[in-house]
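The same subunit A turns up in both complexes below, where it pairs with subunit B and then with subunit C.
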Partner chain A sequence: MNGPPGARYPDVIVLGAGLSGLVAAIRLAEAGLRVVTVAKGYGSMRLSPATIDILGYRPDPVDSPAQALPGFAAAHPEHPYALIGPDTLADSVQWLKEHVGTYAYVGDPGENMLLPTAIGVPRPSAVAPETMAGGDVRRAGPLLIAGLGVLKDFHPSIAAENLQAATTAYGRAVQARPVMLHPSANGPADVNSLGLARQFEDGAFRSAVAAELRAAVRGEETIGLPAVLGMDQARSVWTELQQAVGRPVFEIPTAVPPSVPGMRLARALQDRLRRAGGRFVFGAQAVGPELRNGKLAGVRIRSAARVTPRMCRWVVLATGGLGAGGIEVDLSGAVSEHSLGLPVHAPGPGETGFLPGYLSDHPMDTAGLRVDHTLRPVGPDGEPVYPNAYAAGAVIGGARPWREKSGDGISLSTGYLAADAILKEAG
Partner chain B sequence: MEEGRNQNVRLGGVAATGAAVECEVLVVGGGSTGVGVARDAAMRGFSTVLVERGDLATGTTGRFHGLLHSGGRYCVKDPQAARECIAENVVLRRIAADCIEDTGGLFVTTPIDDPDYADRFVAGCQATGIPVEEIPVAEALRREPRLNPRISRALVVPDATADAWKTVWTCARSAMEYGAKILPYHEVIAVTKDGDQVTGVIARGQDGAEVQIRAQVTVNASGAWAGRIAAMADCKVQISPGKGIMIATNHRLVQTVVNRCVMPADGDILVPIRTVSVIGTTDITVDDPDDWAITRTEINQMLESGENLVPGFTSSRAMRVWGGVRPLFQDHAPAESRDVTRAHAVLDHRARDGVGGFLTITGGKFCTFRLMAQDAVDAAGKVLGVTRPCRTADEPLPDSQERRFYQLSSRLAEREQTLLDEQLICECELVRRGRLEDEAARRPAPSLDDLRRAVRLGMGPCQGGFCMYRATGILHQTKHLSGAEADRALLAFLEERWKGYYPLLHGDQLRQAWLDNWIFQGVLDVQHLPLADQPRQQETATGQAT
Partner chain C sequence: MTAEQEFDFIRDSLDHCVKCTICETACPVAAVTPLFPGPKYEGPQAERLRGAGPSVDASLDYCSSCGICTLACPQGVHVAEINSRARAVMKQQHGIPIRDQLIARPPLQGKLGTPVAPLANFVLSNRLARLVAEKTVGIHRNAPVPKFAGRTFRSWARRHPAPATAGTRRVAYFHGCSTNYFEPGLGEKAVAVLAHNGCRVVLPRQECCGLPLQSNGIFDSARSYVRRLVAGLAPYARQGYTIVATSTSCGLMLKREAREILGVEDDDLRVVSSQTYDICEFLADLDLAGELKTDFQPVPLTVTYHAPCQQQGHNIGKPALDLLGLIPELTVIELDRACCGIAGTYGLKREKYDIAMQVGSGLFGDIRAAEPDLAVCDSETCRWQITHGTGRTSVHPVEVMYRAYGLS
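== the complex of A and B ==
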């Protein structure tokens, strides 16, 4: 895993292939650094609805993340957003929009859209794929929520009823009604989102869906479909379907993995990184720092049951939080970080990590690394553990991403900022 | 067979009428004992009604490890209980084969155990009639390669595993076929009396409506809650609820029931049941059968005990922890919980308290539920002045007529038949969509937790992460749940599941929990479900789906 021919080792090893790792890696590679991304799996983006949620609740609903962030950061000094200025956030969003190829994104941190979820909750997202934005219930007219009989991960009836109730509670009632489509009568009864995305790239299948939708749609209805409208050709599938039906169509993320929009985003960013000269090593895991004279000189990488030191000048730790395995909890309740062996801020053994109520604010929710203003993980003394190690994404503690609807904004902006810090040092 | 035909039975019909119900035998409690009593009484031709405050088998019955004892566990300490266990073990294999997996059982002497106990164990088995055979350690390790290689002795007994839910549901179905009325979600709020004679109960249904049930004899089969029901009739029954905790791992570490060959202790049984292994258990006396907690210390103690049976146990994926309370009966002041007999007792309150028409059946174990029911109905017959023979020891339960034991692989065989034709709603437990819809159709207002027990939805490693959105959507689409009911059912399930695993969250199961959080809170945003807080009256006004 050397860099380009002639180079002895890469400039940067990025650990993790989720949103934050890919953003950092692309920026660094496009700036001319030699970057190797080492990832245990394919990255958590494939589980994500691929909206860029910046701040949705604090816990009251947030209309404008840009306006809310300064106050939110002041009230939560240990939150990653306390380190991210509004300009950095806006720059990172702009950067993303310019780097996702044909999979276009719309929106900005200035205001949240309210996009329906598969169970019909209008969910705040500031930035989203253009294929989803039409579902913004702040602007949408009457909705026809269409499911596919073969897809068990999207249920239009509950989505429509909840959506109508929720928008009524918000004071702008949106009429929503369900319909179930059965475009292929003879196929298997059980097709997942990825299988359907492939079928949607077939023109005959699309025509059958369009015919059913034309028969079902009434008047000025906008049509919501599960987010399975094609994979690599999503944009043309979506455009053609709207033309064929004669009504606007938008996508609603499905609940259960795999997430087709998440796969589209992951593919778009991985392609971008490869084109910029970045390299991937998948199925490999960092198991500790490689130290020379007490300094971080590389990372010990386990791959195929062998541990090898891999040298580099900088490390970006983007291994994710408790969900991705970047932070781990053992039987005794001890919380640790294994890639570089960094100190974790979390409830310790014998302390309360979880409360009895599912939706409570569990102390363990915010477990993660503490970092300085350039995102270098710090020890208990507040000083960086290594001057050349940076953290990005969910491995940084202090946030409750799914509660705040802040995870994508944190990952995007910290990945962006970590790259900034390295580029400044690299000169 | 995998699924039974319990879907032919529809529950809870009587409540809707709100009218008074008359019967000869009224059973309070829908655990294995109560349902056993109802079936036995109905088979003997008594008109029978059963009331249960929650769903069937949600008290102690649905919360045990699934071990169908050979009696070996009690053969030294409690020979009476051991004799009852082995006798009923034989009977249940005959009448309830479809609910039983014939795993066999091993008692092994581990390095920390008294090596001389095995001789007393063999003598105890022989004295109580339990078939026992010593096998070489090497043979035991061949059969169970994960076992601690340092065991010094291994004894084979006819332990097995039983699916408690399936047993109770099938018994209930049989009882109903014989004319019994089974009323889950009917909580007894008063025992009615005429002078010194109990005349029945008043029960409150799920909708808040009260129903008066008049009976010639009322059988209190409420297990650990028996003291409470007895007190409503001004009778005293001293139950010392003994809490036991169990932990399920995400797959089967052993294929045979493995017991430590010692006097009954904590964490000394490892039970392979369905797709999981369950380690149990503890025994701690608690004051209130509804109010107790599971501590981290207990959990760690249980997992470390597992390490002694199966090295590496602590690093296996612990999926869920739960507890049950045993109904340990005693006539005197409570002693150490483990010292109270596991044998059962039928109390005629005419003799004890001067209250007629009222019996309590208590103590006992899941394995002896049929015998307990037989004794209770014999006593009820005496009160009614009618003697009719018990037939439950010979007549198989529905689905068990062929006397073929349940096999784990049958679920795959059934799935294969519908592979392309039907959706799989729960991949972990192979629950088909039709199965879910049929089960929902049998219930007036299905909760997802009831369906979890009934069809094992969400019981596997992902603990409902993948199937619960699907189930909620399907039940709404098929009009089994209104929007408000669906929102509440999903949140209630998530709360219930969280209770089952938050005390032990660590390692891979914690990562699973985080993925599930991401699905429900991150992607679906269930915190903001709009109809969850809608008042129930309003919901009825908008038309409750049935």
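== the complex of A and C ==
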């Protein structure tokens, strides 16, 4: 399977550079395996709020994912969480916290924080960047939600009003009021979250914001700002701003892309992988398995001029689900997986894939691969299609992450577990 | 696929844009200047509104054509290609400045400058002459222009033909203009490294690939340049030669830009594309197969490695890292920056020099901080820019391999 004598093929090819792929790749590279990560683009983590949502709704709100998961898994035997024990989940969270460098995370699967969204909905997240945790409405005192006039994608009045209205649902009064800041009178009239994050790395700009906040803040208020407090120096920007204002500050993920926290997390993990000796191939696409004597010997990769077989011992498929293109549906309703050509568990052509209501529980929602207990994709007979191919993240079917608020937990824990399985085989 | 269909395929990719802005977060130019509003805005968004009428979006001229947007896009939108085409239309309508006509033709520069290299180099390094050139032509007085070698690579190669008994791997070397006129030593070393690895290297007749013309929006001339080049390379490709390039951006022209940006589509280009390799890609593939010579001597140096934007456009990762990693005692520091700013001829221009230097400032800072003995980089214009921005000597990865093989 491993080519001519002297061949130096990588041990593992990871397909996809999202959360699950990066987690698997870093673990494998840090264990000393040669890992190549192949990704079509830079990865959609840059659009995510970068919180680690493990389980928020089942469908009733979940206070403690750790306590809820055994029952949830038992009730949903086809859900990826049915394969992930509570210990693996907790280990993977701990592992992430130790691998994000200075972009520190807080929280654990034991309890959900309720962190305000950009429209003021308290959202259940078990683990979040420390820059966001201060917004946990279960604990926070009165909130001052501050917008910046140049950022057209964040409206403090909407956020504050909805937070006030959310009071009864969470059993305690949330006080929130808005303020709009205009720190750069001579700057551009409008800027996106990334442009603003770059401005926040400038001390003078930060001072201007701090001065406005000092004038606006009252009493014991905690200050919520859109998540634009710096890019590479996020931690020091956040720390210095709190010192300058003299009040706690927290970040609220912006709803309209790009997501600055998502970019920070993506950079932190990519840096980590590079430092562990991992390699990236961006802009390339896996177009099928490379088979030798019926065995999976590598992946066919499309680069600028041609398709080339790239050999390896193991493949981790972390290409994402329907949203990211890891699973595709064509106009006839046929569902497929193109990177390795694996069988997808989904409603077939002629079967009902979608219901009339936009927010219905569409049968197609849970389309994806079925996997065995070590995350190897299986065929209709329940047997692994290839003994050396593993799946991680949203390409695995059976979940409704947007309803359950489970996507990050699934990606993190399956990426972690897929690496575990390969490391056990590698010995 | 016909040229017409390919053209539609590139433009139609904009329908895959979901406005996620990942390209905007990756664009090195938009990050430093408000003069360029960003690849999504200029590309998939504005392209929908472009019709047969006059081109109105002058800000397109500030795109550096680095291609990072296309690389970053998770949906497969050909953002950079769409923008390059739209810019060509704009420049045709507004008129191509004489400066752009000049800097887009390296063979012309090479043929004029090589015989009078001492004089030409004196003029190019003379502050007064450069000031005049800035005022009259618009080439920034501080921009890193290369020095003429005073001899050509091809004249060296004529005196050093490959022995008939040399290796069994048949390689046609595409050296490009820069190696021929400015860095003939790189070509000599590349040939030696290839020969050391059992390659029989031939030198097809070749001229400029047309890339500088393309990036300056002079598409008609660029098409005739690249067609002439592939006509010379195609017979070798058809005989089974691998075409190996040391100029990573010119190699990319053959691999996909001629087709995807210029819309050239013919059998010659197809066969050349499919057999063109960047030299590090070629050597790293030998290594993967266990066929690369690894008789490296220790090179006790610290080097940084920057993969140029155009090298990333090959979608092959960074094979130079794997090659350099084989050399004993060589410490390699991988830099993670999108672009050095120069983007071929972009940073030479009076109105764009400062932007290019700002784009490169992160890379320059990383290199200065690493204090390397050498700054390694695959692209010639990037090497000149890196040396300009850091004062460090910059070399092609193959030059380090040449030294490690003890071929000097």
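Keep in mind that, in the parts below, the second predicted complex is superposed on the first by the 419 of 427 C-alpha atoms of A that agree within 3 Å, B and C clash if a C-alpha of one lies under 4 Å from a C-alpha of the other, contacts with A are read in each partner's own complex, and residues count from 1 in each chain.
In this text, a residue touches a chain if its C-beta (ideal position, glycine included) is under 8 Å from a C-beta of that chain, and two chains touch if they have at least 3 such contacts.
Predicted model only: the values in this text are computed from it and were never measured.
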Look at where subunit B and subunit C land on subunit A after superposing the complexes, then choose clash or fit. fit
Touch check for A:P356: first (subunit B), second (subunit C), both, or neither? first
Touching partner for A:P188 - first (subunit B), second (subunit C), both, neither: both
Counting only touches as set out at the top, which of subunit B and subunit C does A:L47 meet: first, second, both, neither? both
Check whether A:P384 is in contact with subunit B, with subunit C, with both or with neither, and answer first, second, both or neither. neither
Using the superposition on chain A described above, determine whether A:N162 touches subunit B (first), subunit C (second), both, or neither. first
Which of the two partners, first being subunit B and second being subunit C, lies in contact with A:G325: first, second, both, or neither? both
Give the label of whichever partner, subunit B or subunit C, reaches more residues of subunit A. B
A:P343 in the overlay: touching subunit B, subunit C, both, or neither? Say first, second, both or neither. neither
Could you tell me if A:G288 is touching subunit B, subunit C, both of them or neither one (first, second, both, neither)? neither
Which holds for A:P248: it touches subunit B only (first), subunit C only (second), both, or neither? neither
Look at the superposition and give the distance in whole angstrom between the closest pair of CA atoms, one from subunit B and one from subunit C. 5
Shared contact residues on subunit A - subunit B and subunit C: 47, 188, 257, 324-325
Taking the touch rule as given, give the residues of subunit A at its contact with subunit B in the complex, in rising order. 47-49, 117-121, 123, 150, 152-159, 161-162, 165-166, 168-169, 178, 180, 188-190, 253, 255-257, 259, 321-325, 328-333, 353-359, 364, 401-403, 405, 407
Residue set of subunit C touching subunit A in the complex reads 19-22, 24-26, 31, 34, 70-76, 252, 254-256, 273-274, 276, 287-291, 312-318, 321-322, 334, 336
What residues of subunit A sit close enough to touch subunit C in their complex? 3-9, 36, 40-44, 46-47, 188, 192, 194, 198, 257-258, 263, 270-271, 274, 279-285, 302-306, 311, 324-325
What residues on subunit B touch subunit A, complex-wise? 296, 300, 303, 314-315, 420-425, 433, 465-466, 469-470, 472-474, 476-477, 483, 486-487, 490-491, 494-495, 497-499, 502-503, 505-507, 510-511, 514-515, 517-519, 521-531, 534
